[in-house]
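Both complexes below contain chain A, partnered by chain B and then by chain C.
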Partner chain A sequence: MQRLIKTFVATATAAALLASAPMAQEPKRGGTLTMAIQQTPRHLNPAVQSGTATGQPGTQLFASLLRYDEGWDPQPYLAESWEVAEDGLSVTINLVQGATFHDGVPITSEDVAFSIETVKANHPFKSMFEPVIAVETPDENTAILKLSKPHPALLLAMSSQLLSIIPKHIYGDGQDPKSHPANSENVVGSGPFKLVEFVRDQHVILERYEGYFEKGLPYLDRIVMRIIPDASTRTIALESGELMLSGFEENPRNLVRLKKNEDLNVSDVGYAAIGPVNWLAFNTQAESEVSDPIVRKAIAHAVDREFILNALMLGTAGPALTGIHPGSPFYDASVEPYDLDLDKANKMLDDAGYAMGADGTRFGLTVDYGWPTMKPFAEYMKPQLKKIGIDVTVRSSADFPTWAKRISNWEFDMTMDNVFNWGDPVIGVHRTYSSDNIKAGVIWSNTQQYANARVDELMAEAGSTNDPEKRKALYAEFQKIIADELPLYPLWPSPYHTVSNKSVGNAPDSVWGTSSPLDKVYLK
Partner chain B sequence: MSDTMQPAQPEPEIQSTSPLREMVSMFMRNYAAVAGLVLLIAIVLFVFVGPLIHRTDPFEMVWAPFTFPGQEGFLLGTDYLGRDILAAMMVGGQVSMAIGLAAALVSVIIGVTVGAFAGYYGGVIEELLMRFTEFFQVLPTLLFSMVIVALFGASLLTVTLAIGVVSWTAVARVTRSEFLRIRELEYVAAARSGSARDLYLIFKVILPNALPPIVVQANLMVGSAILFEAALSFLGLSDPNVMSWGQVIGSNRPYILDAGFAVAIPGFAIFLTVLAISLVGDGLNDALNPKLRQR
Partner chain C sequence: MGLGQILAKRVGYGLVLLIAVLILNFTLITVAPGDVADSIAGDMGGADATVMAEIRERYGLDKPFLLQLWAYVSKVAFLDLGYSYFYNTPVTTLILEKLPATLLLVFSSQILAITVGTLLGVMAARKPNGFVSMCVTFLSLFGFAAPVFWSGILLIIAFVSIFPIFPVGGMSSAIMEGGFFARAVDIAYHLFLPMVTLASIYLALYSRLTRASMLEVLGSDYVRTARAKGLAENKVFYKHALKNSLGPLVTVAGLQFSAVMSGAVVVEAVFNWPGLGTLALQSILARDTPTIMGILFFSSFVVIIVNIVTDIVLRLIDPRIRSS
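Entry: the complex of A and B
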């Protein structure tokens, strides 16, 4: 009977494939894809470098253990199968057979163990593999991760750019992996494409690796990643067909314009794992009035999120009510949204004793922004908060490091900021609120200097259980407290879009966007 | 006695034409310069008297963003935050002009000092000061001012100083060449023989006579300083809390493809102002250096 069903399923699948063949085009092999990346990567090894500038070429050069689809479900990649133990304290990985690095050396469990150790020791996201106490390698194709506690973020941390499998015989030579020469030249990777050339400020050229372990893949012969920082230049290049693919496009005006172009597909599917959330951050320990939660709440009531979404974002983004990205399964939209209410905001400030002066101001605050695209939002705060008597001074920073230095040393009242969730809250969310992550000089740590024992407790608990329902409940309470104490006021998720020419098939749509292997992309 | 004086009367009349009156009449004969002056006066009135009539805070969000000029009662439309561009043009014009004047003043002070000492003393001092000037001359000015603003933060003061510091070299060169010429003239020799001190000679005897080309240079400097401020603002290196024409351009720049007017209007204002200043400068040049014109 079982065999019968199997046969039936097989026949049905074949029939379906045959039927759909004339409709959906069969992926074609060959061709060169030109795509854009927005900045020159520091180097090409995601094992020791975060950020999507490294991630986009890096995920072509290096394979990870798992893939994630657009529905947050893990899929096999270098790991053929995997098993999480009942108690959550060990994970067994079975590697795919016959996988090799670009120099032909087989990929073994030794390399997996080495990669995990390298990432754990060098990657800025310490929480990814922190609970991993040992990686056992009983045979060439099996790796067993031993954990000190259940670690719900682990599977996600084994995907895309978060865990690149790097060759031990290259990087294990005793040199510092962060500055290893093989990070940008003669890269020996494990992924679908190998490096041809990396020229700073110009391009990264990749070429199909013929020995790639996924049979028949990749479809493309070559990928030319042109480094184009200016969004308008990318827009024009996409319109002219010079560029066929560009990920992480977020400029609202360009998006509106590109959506009108009939030769292009503009898709907002994906990127939920990148999880970029924009917010107005407060320095909760500032000398100024902003250290008072009532002032922060009044500001939240005065900032018109709808105006920002409609007038400044042109409807390309929806609201983000909490610091967890709306695309995450843990996002809780039932928190206090702080709708626009100037009367209420004014009354809150009056009641709290911040009297309105004769000149229409109560007190002054500064607002910072770290890069040009954030400037309009910082500028918006000035006239808007004037309405509740706060005289806002916009502080510009000459460059990103200047801003990062100011913010990470807590020399600010308020700042516009954009922080990535990086998949699981354990990786990218906890760092913003955890009281033991208030670190001078470290940007995107808990720069708000926010400390709440209950919040720490909730995060610790949610970070050490694999039960999704339980985690959901814990994060719901967490988000309620944050919304009440308001160390930051979440505004909107960056509307990352993938823009692709209609000639591009299988444009990436995973939760990692274009920072994921492009081995299934083809040209029609 | 009085009879003998009669025939001589027409002669003093010609001589009594003061240099100033002569200059004014020269200037008035240059129609382009007069047009420039009228335009300049109109712009000054617009930015300084305008805000007394049109009392809108240029930072206040008054209407929907990017209202087209002329619609909803907004003569010049609104910008990306829905702020009145007309108000921004008036208040911003004051700032742009103030920066232009202040920066020109800074560059004149530095340039005249360096040029005067170099031209007067000659020798090693001249050599040193001129090498110093050349050092500043070879630096790309916009880049150098960006570095200054980046280092010391974007405020009105740093922007003004940065523009002044990068643009004084022309003044120094003009001043030096004038000093080289004048210091050899007889009245300087006469003053020197009267044991006048160096500083007296430099600032009281030579400088007043070297002023005409410096005035022309300074005048043109105001125009280029306004352009400089706009360039810095365009690159996002200006004080976001102070409205200026460059600031209006800089903050609306991301939306140039969709609402070009928000960038075009301040751009046009800068164009008109710099044109007016250049025309006036040209006329001044003719009027102050009549010999040059006759040549």
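Entry: the complex of A and C
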């Protein structure tokens, strides 16, 4: 009997162990992760350089105050706790104890104040810290941000690559931080990994910072970021196992191919804060017919979003009905979707007096695209809009600057475009619609030249209240007006995916994708 | 004319050419729409208007064209190639960083193309209508007709994807243990596919050339004389005929050097080879004027030097040129 019980217990324990084994695998320490980034970064300091090329190595080198999980919830990072005042005019931040820069110097509230000032003065997104009028540092571990008005984007702006905490004793030496030598060499960071080597067009090598403030982390010994611009090359390298991780993968054909590979995990979780939305933009002040909202609505009814999603995107992306990314809490899917209806589109144009000529055309328009991956979508417009009597000329540009110059100087009718939300709408959405952001020569400003006083008002209000429910309502009205006046017709969010080898544990899934600290990633 | 005189003349021509290259290219780049502020903003996911204006002011892009040209040319006159807008690094540093990779690729592929090409050409010339000759003709036609980017991709599919023998790209393994020898082997391993790809065109060219030139020389009087006096066939072939048919090969190889440099741009892009070609491509896309200008200046310089060296080598191996 005794023996039987023993056996039973042993079996039960074994069964329990077996059952739990795949669920709760203990992260292992050690190993080198090889991952890809798609571009050579200009340098590695995200405080003065935006973009994911700098962001991916930059968020390993530099810690921010907060981090975000996949559900938009702020988590403590360098800030152990934080408190937004009742009136929204000040935010108190308590730093973790014992955090140090890679040279061993303690990270203090002085560094936080310095970092915020540097970002405010040098970062391309001025709206992130514009309302911050002062940063007080009552003691080494406390920083108090004083605001001119409540600033709902602030918490997101304190995460990932938007606010890197940089050492004052290095960057405060009077040199211009934008061209500071410590941006690419001998980088003294605050994050989980420190720089070993940065070779342009080849790789960035990082290794574990032993003095990292999160105990027991990071798991990895080393991260090798190989710079591989070509998507097919990355695909082959992922298949062969030469690469273990690659973020921001969006080429539909490669994604379909990678998903079939049993050694790889292909995940679309994350990236909602990057928030890339693709749309057909209209020049609302053009000399041509496209300045008429009815024409824009007819075009929207003629474009078959389902065809784009299934035939051109091969089912890798869902629809985006508004300029706010579908993954954002402020996205409102109840707006007019402009489903495919050629008869309605034709009738709208007929009624508006755009008579169909004998040759089957009413008028001609141009459509631009700025980079090769956008070409098929621009070309699709030609046969499709022919069906409602619009003769579309597809204009290609030799390269990005050529296109940017055309669009930002309003020399266009329509263009395919891709704009990032960058976290909160205040940072990446307002710029597209705000009437005081119609600025010649600035790409991704309000290049549609769209102006509506009510829209300006809604954005101003939603940008200065911390109440999420109120903001949601304001942005709902905002999205409704935009959908009605159509300065642009949103089509789909870029299907950013994280592709990882099955040997990689805790592959990044935050709203910032791989532009977030990889301290919890491990190798099985 | 003596060697010194010829050299002086060549260097003079070279200088004029360099200045022309500078002015022409600067004009072309400035005339192209868009500027580095656009590309920096594009890279950053957009930028505030004040930031854009600041970038344009900082790099003098708001100044009239002639002023910009003058500022640039006068700097280059003192061998200052300027500062890269995009990389925030002196252009000379950038170029010197990338130059070894490109030179390694260009020279190794040329050496491969010349040795193998000559060998195949000689083999084909021994039996002009034989099987080997036909194979060489076929191979060279194929190599000459196939664009490098295509043959490069084919090689990647074959030897990286289907039979994973070679690495997918790059110049060396990022993490390397071991000393100089291990590193050299590692680089050679990465070099193999790009080198073969770039060599394929020139291999075709050189084998055809050697074959034709050998056949011509083999029909000449002194070869008949050599055979008549009973010299062994191998000696006739390699000592007399081959040596004399090398002239055209050297001329063409020298003249082709600029073409090899531009071929390298494509091969570098396909194989992610971190050389001048990759840098050139990136800086053109980024409208990074100082870097593009620096690369063009440098490559023109290298091509001119190689042409002068070719002249001298030709005089050394062919006494007829020396005396004329």
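Heads up, the rule we're going with is that the second predicted complex is superposed on the first by the 501 of 524 C-alpha atoms of A that agree within 3 Å, B and C clash if a C-alpha of one lies under 4 Å from a C-alpha of the other, contacts with A are read in each partner's own complex, and residues count from 1 in each chain.
We adopt the following convention: a residue touches a chain if its C-beta (ideal position, glycine included) is under 8 Å from a C-beta of that chain, and two chains touch if they have at least 3 such contacts.
From a predicted model like this one, the values you see are computed outputs, not experimental measurements.
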(Q) Quick check for you: in the superposed arrangement, does A:K375 touch first (chain B), second (chain C), both or neither? (A) first
Q. After lining up the shared chain so the two structures overlap, which partner does A:R257 touch, if you call chain B first and chain C second: first, second, both or neither?
A. first
Q: Compare chain B and chain C by how many residues of chain A each one touches, and report the one with more.
A: C
Q.
Quick check on the superposed pair: does A:Y331 touch chain B, chain C, both, or neither? Answer first, second, both or neither.
A. neither
Q.
Which partner chains sit in contact with A:Q384 here, chain B, chain C, both or neither? Use first/second/both/neither.
A. first
(Q) Applying the document's definition of touch, where does A:A398 land relative to chain B and chain C: first, second, both, or neither? (A) both
Q) Given the touch rule stated above, what does A:A311 touch, chain B (first), chain C (second), both, or neither? A) first
Q) Do chain B and chain C touch any of the same residues on chain A, and if so, which? A) 398-399, 402
Q. What part of chain C is in contact with chain A in the complex they form?
A. 32-52, 86-89, 94, 97-98, 156, 160-161, 164, 167-172, 174-175, 269-270, 272, 274, 278-279, 282, 284-287
Q.
Using the touch definition from the top, list the residues of chain B that touch chain A in their complex.
A. 57, 59-61, 64-65, 80-83, 149-151, 153-154, 236-241, 251, 254-255, 257-258
Q: Sort out for me which residues of chain A touch chain B in the complex.
A: 232, 251, 253, 257, 311-312, 372-373, 375-376, 378-380, 382-384, 386, 393-396, 398-399, 402
(Q) Can you tell me which positions in chain A touch chain C when the two form their complex? (A) 32, 34, 39-40, 42-43, 49-53, 124-127, 178-179, 183-184, 199-203, 205, 222, 224, 226, 228-230, 233, 236-237, 239-240, 242, 398-406, 408, 419-420, 422, 428, 431, 437, 439, 441-445
